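All chains are identified by letter, namely A, B, C and D, in their written order; residue positions are counted from 1 within each chain.
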Amino acid sequence: MSTLSPEILSTLEAQGIELPSWAFGNSGTRFRVFATPGTPRDPYEKIADAAQVHRFTALAPSVALHIPWDKVEDYADLRRHAEDQGVTLGTINSNTFQDEDYKFGALTHHDERVRRKAIEHHFECIDIMDETGSRDLKIWLAEGSNYPGQNDMRGRQDRLQDSLQQIYAHLTDGQRLVLEYKFFEPAFYHTDVPDWGTSYAQVAALGDRAVVCLDTGHHAPGTNIEFIVMQLLRLGKLGSFDFNSRFYADDDLIVGAADPFQLFRIIFEVIRGGGLNSPDVAFMLDQCHNIEKKIPGQIRSVLNVQEMTARALLVDREALAVAQAENDVLAANAIFMDAFYTDVRPALADWREARGLPRDPMAAFGASGYQEKIEAERVGGVQAGWGA
Amino acid sequence: MSTLSPEILSTLEAQGIELPSWAFGNSGTRFRVFATPGTPRDPYEKIADAAQVHRFTALAPSVALHIPWDKVEDYADLRRHAEDQGVTLGTINSNTFQDEDYKFGALTHHDERVRRKAIEHHFECIDIMDETGSRDLKIWLAEGSNYPGQNDMRGRQDRLQDSLQQIYAHLTDGQRLVLEYKFFEPAFYHTDVPDWGTSYAQVAALGDRAVVCLDTGHHAPGTNIEFIVMQLLRLGKLGSFDFNSRFYADDDLIVGAADPFQLFRIIFEVIRGGGLNSPDVAFMLDQCHNIEKKIPGQIRSVLNVQEMTARALLVDREALAVAQAENDVLAANAIFMDAFYTDVRPALADWREARGLPRDPMAAFGASGYQEKIEAERVGGVQAGWGA
Amino acid sequence: MSTLSPEILSTLEAQGIELPSWAFGNSGTRFRVFATPGTPRDPYEKIADAAQVHRFTALAPSVALHIPWDKVEDYADLRRHAEDQGVTLGTINSNTFQDEDYKFGALTHHDERVRRKAIEHHFECIDIMDETGSRDLKIWLAEGSNYPGQNDMRGRQDRLQDSLQQIYAHLTDGQRLVLEYKFFEPAFYHTDVPDWGTSYAQVAALGDRAVVCLDTGHHAPGTNIEFIVMQLLRLGKLGSFDFNSRFYADDDLIVGAADPFQLFRIIFEVIRGGGLNSPDVAFMLDQCHNIEKKIPGQIRSVLNVQEMTARALLVDREALAVAQAENDVLAANAIFMDAFYTDVRPALADWREARGLPRDPMAAFGASGYQEKIEAERVGGVQAGWGA
Amino acid sequence: MSTLSPEILSTLEAQGIELPSWAFGNSGTRFRVFATPGTPRDPYEKIADAAQVHRFTALAPSVALHIPWDKVEDYADLRRHAEDQGVTLGTINSNTFQDEDYKFGALTHHDERVRRKAIEHHFECIDIMDETGSRDLKIWLAEGSNYPGQNDMRGRQDRLQDSLQQIYAHLTDGQRLVLEYKFFEPAFYHTDVPDWGTSYAQVAALGDRAVVCLDTGHHAPGTNIEFIVMQLLRLGKLGSFDFNSRFYADDDLIVGAADPFQLFRIIFEVIRGGGLNSPDVAFMLDQCHNIEKKIPGQIRSVLNVQEMTARALLVDREALAVAQAENDVLAANAIFMDAFYTDVRPALADWREARGLPRDPMAAFGASGYQEKIEAERVGGVQAGWGA
């Protein structure tokens, strides 16, 4: 008898995790970006790699794009290419951190020329969304300042609201604006959207189709992230996740790698709050495979999310409610931990097999010869990367 | 010529910092509370001590009370006692952390009996406010849980809102509900109001007379507190400060002792946002003098706030705006630091003298004999403290 | 076939985790200590409770004492009492934080009278060790300062070394001095032994029988604790563990409760470095059951350590070495995680049963009636607690 | 009458702060490196820029080089160039993080070929030291791992010791090996020299001429850095400082910019421990001027160190000792703070003028035309930067 009930398996079947195109390009630290053989050289190759993850796991049906990194001549053609590979195009991510003009800000900049340029970049993103059929425009602001006194934080906040209103007004029906927050980096004194409270206050002032993106690596040390998940779901403003993991700062490691139990608690709160398989809450990855191979890194990541979702679904919520009502701290915690410590992997392997998927997607990808093929074929040209 | 202009001195003259009655009682850590000779044994003696701080500084015109620690038979009499000493009664602080019933929660408790009791405690506080003439009811919740799974964070959040609505509805005209947040402690897994975002979302749902209290020691490591000050002022929800300082957690050290430059930046944002000497923003202390003498500890604290306010008022905001507009990072920072590094103490001493106050309030208090007097007189009885 | 090989089970059989007597007394935060029915009123009752943990788990054969909390007239009698209960007396912990004299320091104090008193307290502890047959004298210093300038950190460090030398010279053959470090609390500016480096430098200057105690809750946020475990084992100076867990500061939660994967990594490094079941490395608990029941809290704790040891023993170290040698990051990590995610609990339950122990020690203790018995019997008297 | 006594001024006159050549090249974050007009294109131009800092401040008599970034054909020629500019060549910094071979380690690598290459790189550095007349070889290791299980931390530690021994044996008379530690980055799970304890243990095993480098930005959040300064001076192992400042991680901001009071406390402990103007303790900068101008950024930095040294020298250590001996916490802290709050800038300006230096070095550099000159002249070629 399987550890996982038909209801749980049915829930898991509906799960989809969006992959970021840029995860397949090279990334690194300020000290060094190490190059990897076979790295894609254009958006088409990135999508082809992302499709491999879906092929071996059935977990990653869509790919997020980053503009301008993924600009192409013909988005309809890119869309067909994706569909040919069995995936769709998802969230459009804007970029206001790699242009010389944005050295001191973009949507918050005091110079109207720069701010106008940044706003219009988002208009362009929305135009692309119309072509790709994307619903979400995700905005991460790399803006802030490095030194006290360098800038007027209040004025920037007001200009940010104004910029967002202009962008929000430009959205077409059914599209959403998703505002990400981040504790610090690349700004080292103040960041214009540093915490969920700021993101929430900014999007609440825009309207119903403006929501918050929670990146699991973007918090102060010790932050109880599942509490924020709970709160944003309660307030109806949790729009999407950027999953990754961290030991120190925004390390962008594989989701679940640093603190598996934290991932369990986060997903439990997603379930508790009705966010699992809800159209309102997008699950995405946002990681940097600096030293490990990129396609298997992404396969490992979506499997980690799936396995942890299975564990979180195992929590006996009725028994938990009873123990909580009785203030039986140890019993409640034991019910919670029992699910976490259950090994769901054999049941998931059986289930994958039953669905015509490989029992072990990591091994199956390794045996597929795809990696060797791209290493041989993708010679010459410029490898994609942050900034490519 | 004084470092401080008549305008600055006039602004400083209007400044008032509320003292907490409990700062004069004994406090300590979970390891030990060390007793101090002369410690007050009742609210009357606490107010007498607080009045000393005002007498030597003209900076501390009011005293906050903590219920039930400061319960008396006759609040009109306590009020007269305060006025006789030259001070007024200020904020009323509720207490839902020292009753056996509150072991697992109070305003968030799933047991309606306990929650009702906690709500009614706040009704009692409001009744006392009517007698003392207090405007603000400050609520700090010590509630949360220690273990994952122990409690249902979402249900607690909903019950908290319901409890606050009942309390808010009980306020009389002109009174305010001030909700404090705290990162952790005494709960070690989740805290029901852990961050400004939660406090903001909770009070925003109540109404205009519900605001946030920012305790400078209640944040995650590395948090940019002046950013939160800016944001809450911008949102019209910064109701009060609890000033203290910290190196590690909620250390409750003397304000300005751990990071003077942070205090400078905070007060600069208060000024920038119109919060200085505004009736909307109450300045309070909330500290623990575990090892130092209590009355001079409070004198030192209000002087630290005054001195730092003077420095923050010295920032040449016009020149700063020019440097910021030119993206001249080093010039802007230099203008900011120039104010911080200016020694305002001689000018403040001159000014105090001109107003009939002691040049050196610490020395003057030491020479006054008050400390020796209370050490001699306050023998017997139970010293006040946390829980007394 | 069991998940756990005979070799692993044999290793687990040798495992012993020392319990602290004070875990059975009441503890709390600076805000409140909640009392629990049935709490011991003297060292005899504490040992009786500790023996219950061993009875149901066979994992906790010894009990650490805290002087003066556990002072008795006749240690030989206490020792017999322990042996009658099936346990032995273990580490002696000194206490230099609950005497009025130690407000500003003990082994580091500039006042020779106070320092002498603190040193002699340790002599007394050594005398007790001779009577109880204890090997280890564990020293945790609560010393430090709250304000910059308050004290001369360098002078204190030199006096600490002198004090420790005197104590070390007093040890009899086979006895050890174990020096614990702690990041902060109860001192909030500087702590005299704040990190492993200081503890290491201090004990290295004493001699071979002076070693370091690593309390898992005593580090700065983000610290890689297993690295320190590795390093201290490498340097031959890891004397003992104080196990507990934390989300924020020194929360003293149940070991494994906050970050199970961290505990796994720590125990893996213990095994890697030869510290498991080594006479040189004592495994102890040091936790505070503020809101949960104390005896089952300790049972849960030793089971957590045992289960995690089983998982860590499952790591296929040969395969791991191969993957590491090939720089196959994902494969090495997968081998590591595979052990962590294996559910060892059924195999451990079978094994316990085979040894005549309860399959489910938590349930068996609950069904034993012991808790009800002590709640009925231990009425009157003063409950033990920190400071009792 | 000057705030600063002749003794203090005489001490300040002896102060020298080494500049890193790489501070004059472009730097940035993983998200973007913004280019600046006038950035040097080779080591000669870097030294010319560094010499400007010394010209306007008389505070920066030497320049540290980074190999291979600063490799030249003829070091004797580079040395003459430096001397012509009025400065000398200082510390040689090795680099084992920008070669493809070092992706998984260098001095710790399990592959003997890679480790040999890394060791020999240090031999080359020592050869260069012989030519430049440099005393110190500074080693910062970017090594570690990103995922638990990825590598064998213990084996790496042993190989590190072996590598260092080979390098140490290669030093010629009077040369020193200086080992830097860093909490994290670019490795995100474990770092091979993460803390002062590890650096201390490694260099203590080498010999007298191996010492520790303390970079003020390389600690866990909340770390009391001045305590480490005190301890390393006490142990005779503080070899050098890398000064910078931080709010979050290794932000590499201008020294004194984030927490001036921390810098004050650090320098006070340097003075207390005999490390000021001691040949044993080198003062260096290590910062990244990502958005501000580089030469004035360095001028600002050395002035910050000088001003803070002046303040720290003002502490009335006799009065402080008295207050400390009396356990007068508030008095001791007040004496300490009095020095910090004293405005030493006017006295320093007077003193500079008296020595033929500009009163305001920032303004004087701005007026010198040097910046405009290099912006006009340094067109074409490749700007220096990390990795250039």
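Rule of thumb we're sticking to: a residue touches a chain if its C-beta (ideal position, glycine included) is under 8 Å from a C-beta of that chain, and two chains touch if they have at least 3 such contacts.
Here's who's who by UniProt: A, B, C, D = L-rhamnose isomerase/sugar isomerase.
Predicted model, so just to flag it, every value in this text is computed and none were measured.
Novice: If you walk from chain to touching chain, how few steps can bring you from chain B to chain D?
Specialist: Counted as steps through touching chains, the separation is 1.
Novice: Of the pairs A-B and A-D, which shows more C-beta pairs in contact?
Specialist: A-B
Novice: Between chain A and chain B, what's the gap in Å when you average each chain's C-alpha atoms?
Specialist: The answer is 40 Å.
Novice: Starting from the mean Cα coordinates of chain A and chain D, work out the distance between those two points in Å.
Specialist: Computed value for the inter-centroid distance: 38 Å.
Novice: Indicate the residues of chain A shared as contacts by at least two other chains.
Specialist: Residues 103-104, 146-148, 183-184, 189, 221-222, 224, 247-248, 257, 261, 291-292, 329, 333, 337 of chain A each touch two or more of the other chains.
Novice: Sort out for me which residues of chain C touch chain A in the complex.
Specialist: Listed in rising order, the residues of chain C that touch chain A are 221-222, 224, 247-248, 257, 259-262, 291-293, 296-297, 300, 307, 329-330, 333-334, 337, 340-343, 345, 362.
Novice: Note which residues of chain B are touching chain C in the complex, please.
Specialist: Residues 27-32, 34-35, 97-98, 100, 103-104, 142, 146-148, 183-186, 188-189, 221, 246-249, 251, 253-254, 257-258, 290-292, 386-387.
Novice: Where on chain C is chain D touching in the complex?
Specialist: Per the touch definition, chain C meets chain D at residues 103-104, 110, 145-154, 157-158, 183-184, 189-191, 194-198, 200-201, 219-224, 226-228, 230-231, 233-235, 261, 265, 269, 272-273, 315, 320-321, 324-325, 327, 329, 332-333, 335-337.
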